[in-house]
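What follows is chain A paired twice: with chain B in the first complex and chain C in the second.
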Partner chain A sequence: MIPELGEFALILALGFSIILATVPLYGAATLKTLWMQYAKPLAKAQFTFMLISFICLGYAFSVDDFSVQYVANHSNSQLPMQFKLSAVWGGHEGSLLLWALILSGWTLAVSLFSKGLPLDMLARVLGVMGIIATGFTSFLLWTSSPFLRYLPRYPMDGADLNPLLQDFGLIVHPPLLYMGYVGFSVAFAFAISALLSGRLDAAWARWSRPWTNIAWAFLGAGITLGSWWAYYELGWGGWWFWDPVENASLMPWLVGTALMHSLAVTEKRGVFKSWTLLLAIFAFSLSLLGTFLVRSGVLTSVHAFASDPERGFFILVLLVLTIGGSLTLYAFKAPNVKSESSFAWLSREMLLLINNVFLMVMAVTVLLGTLYPLLIDALGAGKISVGPPYFNALFVPIMGLMVICLGLSSAARWRNTKMENVKKQLMLPAIISLLAGVIFPFLYGDGFNFRVFIGISLSMWIITTVAKEFKGKFRTSSSITEKLKQLSPSYYGMMLAHIGVAVTAIGITLVSVYSEERDMRLAPGETVELADYQFKFLGTKPVKGANYTADQATIEISLDGASIVTLHPEKRRYNVKKSMMTEASIDPGLFRDLYVALGEPLADGAWAVRVHYKPYVRWLWLGGLLMALGGILTVFDRRYRQNKSEKQGVAHA
Partner chain B sequence: MTPKRQKRLIIILSIVLGTSLIVGLVMYSLNQNINLFYSANQIANGEAPVGTRIRVGGMVVDGSVKRATDSLRVSFALTDYEKTVNVVFTGILPDLFREGQGIIAQGKMDAQGVFQAIEVLAKHDENYMPPEIAETMKKKQEAIK
Partner chain C sequence: MPRLLLFAPLALFAVLILFLWKGLSIDPRELPSALIDKSFPAFKVESLLAPERKLTMADLVGKPVLVNVWATWCPSCRKEHNQLLRIAQQNKIAIIGLNYKDNRAAATKWLVELGNPYQFNIYDESGMLGLDLGVYGAPETYLLDAQGIIRFRHVGVVTEQTWQELQTIMQSWENQ
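Now for the complex of A and B:
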């Protein structure tokens, strides 16, 4: 009964989406206030029914209703409760329902936090989001309903959730990632509304900025968590594989980063307007492309689950309609958009433009590498895959160039900047960064290392230029605490995010250069030495978990005879699927991780054991979180909550 | 030429140059880093190059997995149910590696016709079959009909 209620609520939600997609937009086009006013209540109704539907599915999972196909395929009565609930998005149908729920959540959020927004703009934004919701909810209902039943003969117990997904990571990673993916639909809706209404001024940019920043922050946090999850869960100690699905999440993040910066220029200076619109369209299109790649199974990927071509085709149609429709609209309307000011060669605008170009180049590089195998296959030229060296060879240098510009931009002013000023401002940071880059590898490693030199210099370059600019803010002010209060949350958010870039860069550099790894055959009592640490294998003993049995190893780690920690990696065997799972054991630290994972059992109680020494690996996630935190901080800027009177003044200008 | 036009010309020229440079670099690194996929059948027929990095996919033959006693060296055979190819790998195999399971190995063919794998991939989902293998199987089934 409950699942049917869920299906019914989903149908009702679709009904509201369809009305939301038509009535307010028609009202905005014909200036009928009453029609436009429907947008808000419709957004609420759509969210309510979507939520009911989602709760019904969650309920079916919690009571082990295995007559529901989706539950039977992704859950089991032995599964611990928190995983039963997160198994709701552990498969295709449920994760799409989560997608749709989050979309309606964003729609609701726009309708609630839009006090300054003129009615016609609000109606258009919500209307566009209604169109997207209509597409996705129909997709859910027609090709992937999670509420289908096995009746009258249903299985006694479920097929269980994939053991890799029985982890804390599944609880947080997909929702955060989807918050980001779907969040770009708000920026997209704002862009489309701007094109429809022809209004594209500073006020417009100010409305869409917080939404873009927060979606970007969620996406970044989602990617970071995904990387961390892969690191401890897969048992290889890797944190990024350039897997198509990872790339699919990285591309919208890169374009989103460009969009965020471009929006800043559009707000402050009234230039890059049509470029900003285009970026908003791209960011959301790439989010859809990501969904398509993950869900269609067209690419070989670690995330590829058994999938069905019909679903892929449906998303492809949605993708083509979105991109085609929005670009057509753009082609007709964008030429009317005019820049409001000009800028010189050396100016903050120019540097931000260069930053945008670099980010787009990176996104295109990743896109090419991801889709090239598909293209070659479609041409019938064979099956290929593109390896990580391709991505590293292009991504790393472009990133480096961009970081140089990041430092420069902190010294540049809007409109025009004198070369002497830039030199004066940046001479000291440049010297400090280069010195740090030269000295660090001698202190930390055993001699000069070019990669470490580049990585550390660039990271220090960001930190020193940010610090120098921050210090410069106090030049004219007598009271330090006064000035600290005066600076806006946007400014603090920006600094935090930029420092995050540096922290991530340090992490990536050091973990790539100084990591040590060994796969060894170890008999009980044997010791292996790695990076001065001694790992002593003391054998395994059987243990029993909630829904698995495991061999648990004991490995004592010591440094120069002094005991550091004892780790217990496991090799689990899940009862239901009879599948094996490696549970790595990690001793985390700010400056190094010690990582142990079990391979296979060999003869005489010996095991294949993988030991890793990972210096500074935490920094790359820490940096990712700092960036996300920075993005969230900007949203608390008072500018975005200005009252109506001021807004109207700008809107009519 | 007016200064404004000159500025535009510079911008356009730098965009064209920059784009061609990037496209060139991308194409170069793509060609350096693509791994062609071969089926066991193709390898048995000698179609695969020796010493170039390639991928091979197939099902692990039942009873073929043999481990060395003193190291992590393991050898097994891959089949597309037509021909088989012998694979040697040193290291830890993924959890989902087992006999009868579809896997993809990355590495090089040596002169003896043995595939020296440096990476073995099995997928998250045990019902999953790599698209490359699925296609080879399909062709095979059609051929039988």
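Now for the complex of A and C:
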């Protein structure tokens, strides 16, 4: 009964989406106030029924209703409760329902936090989001309903959730990632509304900015979490694999980063309008493309859902309609590429534009690398796969150039900057960074290392230029605390995010250069030494978990004879899927991780054991979190609340 | 001119869609074998049901055969088993089993319970022959001509459709 209720709620949600996609847009086109005012209640109704539908599916999982196909395929009665609930988005159908729920959530949020928006703009934005919701809810209902039953004969127990996904990481990773993906639909809707109305002024950019930043922050946090999950769950210590699905999340993030900066320029200086609009369309289009790549089976990936050409075809049609439609609209209505205010070669505008170009080049690099196997295959030229060397060779140098620009732009002013000023401002940071880059490998490692020199110099370049600019803010002010209060949250957010880039860069550099690992056959009592640490293997013992049995090893780690920590990596065997899983055990630290994973059992109680020493690996994710935090902080800017109070002021007068 | 430039993203997108559309009809998991038109790798391995008998390349040549890679740990193999039995009944081609990384007792029990479509089974316990053959996962099926040259490889469950495909290839040999 409950699953049918869920399906019914989903149908009702689709009904409201269809009305939302038509009535307010028609009202905005014909200036009918009443029609436009339907947008807000419709957004609420759509969200309510989507939520009911989602709760119904969650209920089916919690009570082990294996007559529902989706539940039977992704859950099991032995599964612990928290994983039963997160299994709701452990497969294609449920994760798509989550996607749709989050989309309706964003739509609701726009309708609630948009007091300063003119009615016609709000009607258009919500209408555009309604169109997207209509597309995806139809997709759910026609090709991927999670509420289908196995009747009359249904399995006694479920096939269980993929053991890889039975983890805290999976509970939070997809929702965060989808918050980001889908969040770009708001910036997209604003861009389309601006194109539809023809009012391409700075106001449009100002409204889009907080939504874009927050979606970008969620996406960044999701990617960071995914990387961390891969590191501790996949059992071989890597943190980024250039897997098509990882790439699918990285591309919108890169374009989203470009969009954030471009929006800032458009709002403040009124330039790059066409470019910013295009970025807004691209960011969301790449989110949609990612959805297509993951769910259509055109690429092989560890993440890919079961392939189904019918589903693939449906999403492809959705892509053509939304992206094709918006790019057509763009081609006809975007303003001609001429700017209202001019700027010189050396100016903040120019540097931000260059950074934008770098970000786009990186996104295109990733896109090409991801799609290349598909292109070659489609041309009948054979089967190939593109590996990390391609991505690293192109991605890393562009990243470096971009970081140099990042530092420069902190010294540049809007419109025009004198070369002498830039030199004066940046001489000291440049010297400090280069020195740090030279000295660090001598202090930390065994001698000069070019990669470390580049990585550390670039990271220090960001930190020192940010610090220098921050210090510059106090030149004119006498009271430091006063000035600290005056600086806006978005300024602090920007600093935090830029520092985050530096922290991540340090992490990437040091972990790629100074990591050490060894694969060893270890009999009980034997010791392996790695990076001054001694790993003593004390044998394994069988343990039993809720839905698995495991061999649990005990490994004692000491440094120069003094015991530091005892780790317990496991080799698990999940009862239902009969699959083996390696559960690595990690001693985390700010400056190094010690990572131990069990390989295969060998004769006489010996095991193949893999031990890693990973310096500064945490910095990678710490930087990612700092960036996300910075993005969130910008939303608390006073400017975004001003509208409301101004408007109230007018009403009172 | 700048106006026209605004159409560029749309044009690029159209090209991309063409490729994605084409991509839908290709299965990325369908891997061509490096051994197509090459000889089946040489081997000397025990028979599954008659351990004292050593099977070699000589047992595969003389007439076209299907070599089917299977194992009891492979659920999809159970799925294709009935189709294999049907093919065996038609007597158009001999099916040779390659029992891959399996347990002899379990595999014997499987054949007794489900029926035996195979003329004989190569008992590749260590998986070394599978490695030489480039086996990607069970089930896989190879069509060999009378000289023991691999002419076709099918990855995944053999269906009636696969069987039709195999027959078309075999008929083309007869016509030559």
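Keep in mind that, in the parts below, the second predicted complex is superposed on the first by the 638 of 653 C-alpha atoms of A that agree within 3 Å, B and C clash if a C-alpha of one lies under 4 Å from a C-alpha of the other, contacts with A are read in each partner's own complex, and residues count from 1 in each chain.
One rule holds for everything that comes next: contacts are C-beta pairs under 8 Å (C-beta built on N, C-alpha and C of every residue); 3 or more make two chains touch, one makes a residue touch a chain.
Keep in mind it's a predicted model, so treat the numbers as computed, not measured.
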So, on chain A, is it clash or fit between chain B and chain C? clash
A:390 contacts which: chain B (first), chain C (second), both, neither? first
Applying the document's definition of touch, where does A:327 land relative to chain B and chain C: first, second, both, or neither? second
So, A:292: does it touch chain B (first), chain C (second), both, or neither? second
With both complexes overlaid on chain A, does A:313 touch chain B (first), chain C (second), both or neither? second
Would you mind checking which of 9-17, 27-35 or 135-143 on chain B runs into chain C after superposing? 135-143
After overlaying the two complexes on chain A, where does the chain B footprint on chain A coincide with the chain C footprint? 297-298, 300, 373, 382-383
Which positions of chain B touch chain A when the two form their complex? 18, 22, 25-26, 29-30, 32-37, 53, 55, 67, 69-72, 90-93, 95-96, 104, 121, 123-128, 130-132
Hey, which residues of chain C end up touching chain A in the complex? 2-3, 5-7, 9-10, 13-14, 16-17, 19-29, 31-32
Quick one: which bits of chain A touch chain C in the complex? Just the residue numbers, please. 274, 278, 281-282, 285, 292, 296-300, 307, 309, 312-313, 316, 319-320, 323-324, 327-328, 330-332, 334, 336-338, 371, 373-375, 377-378, 382-383
Which residues of chain A touch chain B in their complex? 162, 164, 235, 297-298, 300, 302-306, 357, 361, 365, 368-369, 372-373, 376, 382-390, 393-394, 519-521, 577, 579-582, 597, 599-600, 602-603, 608, 610
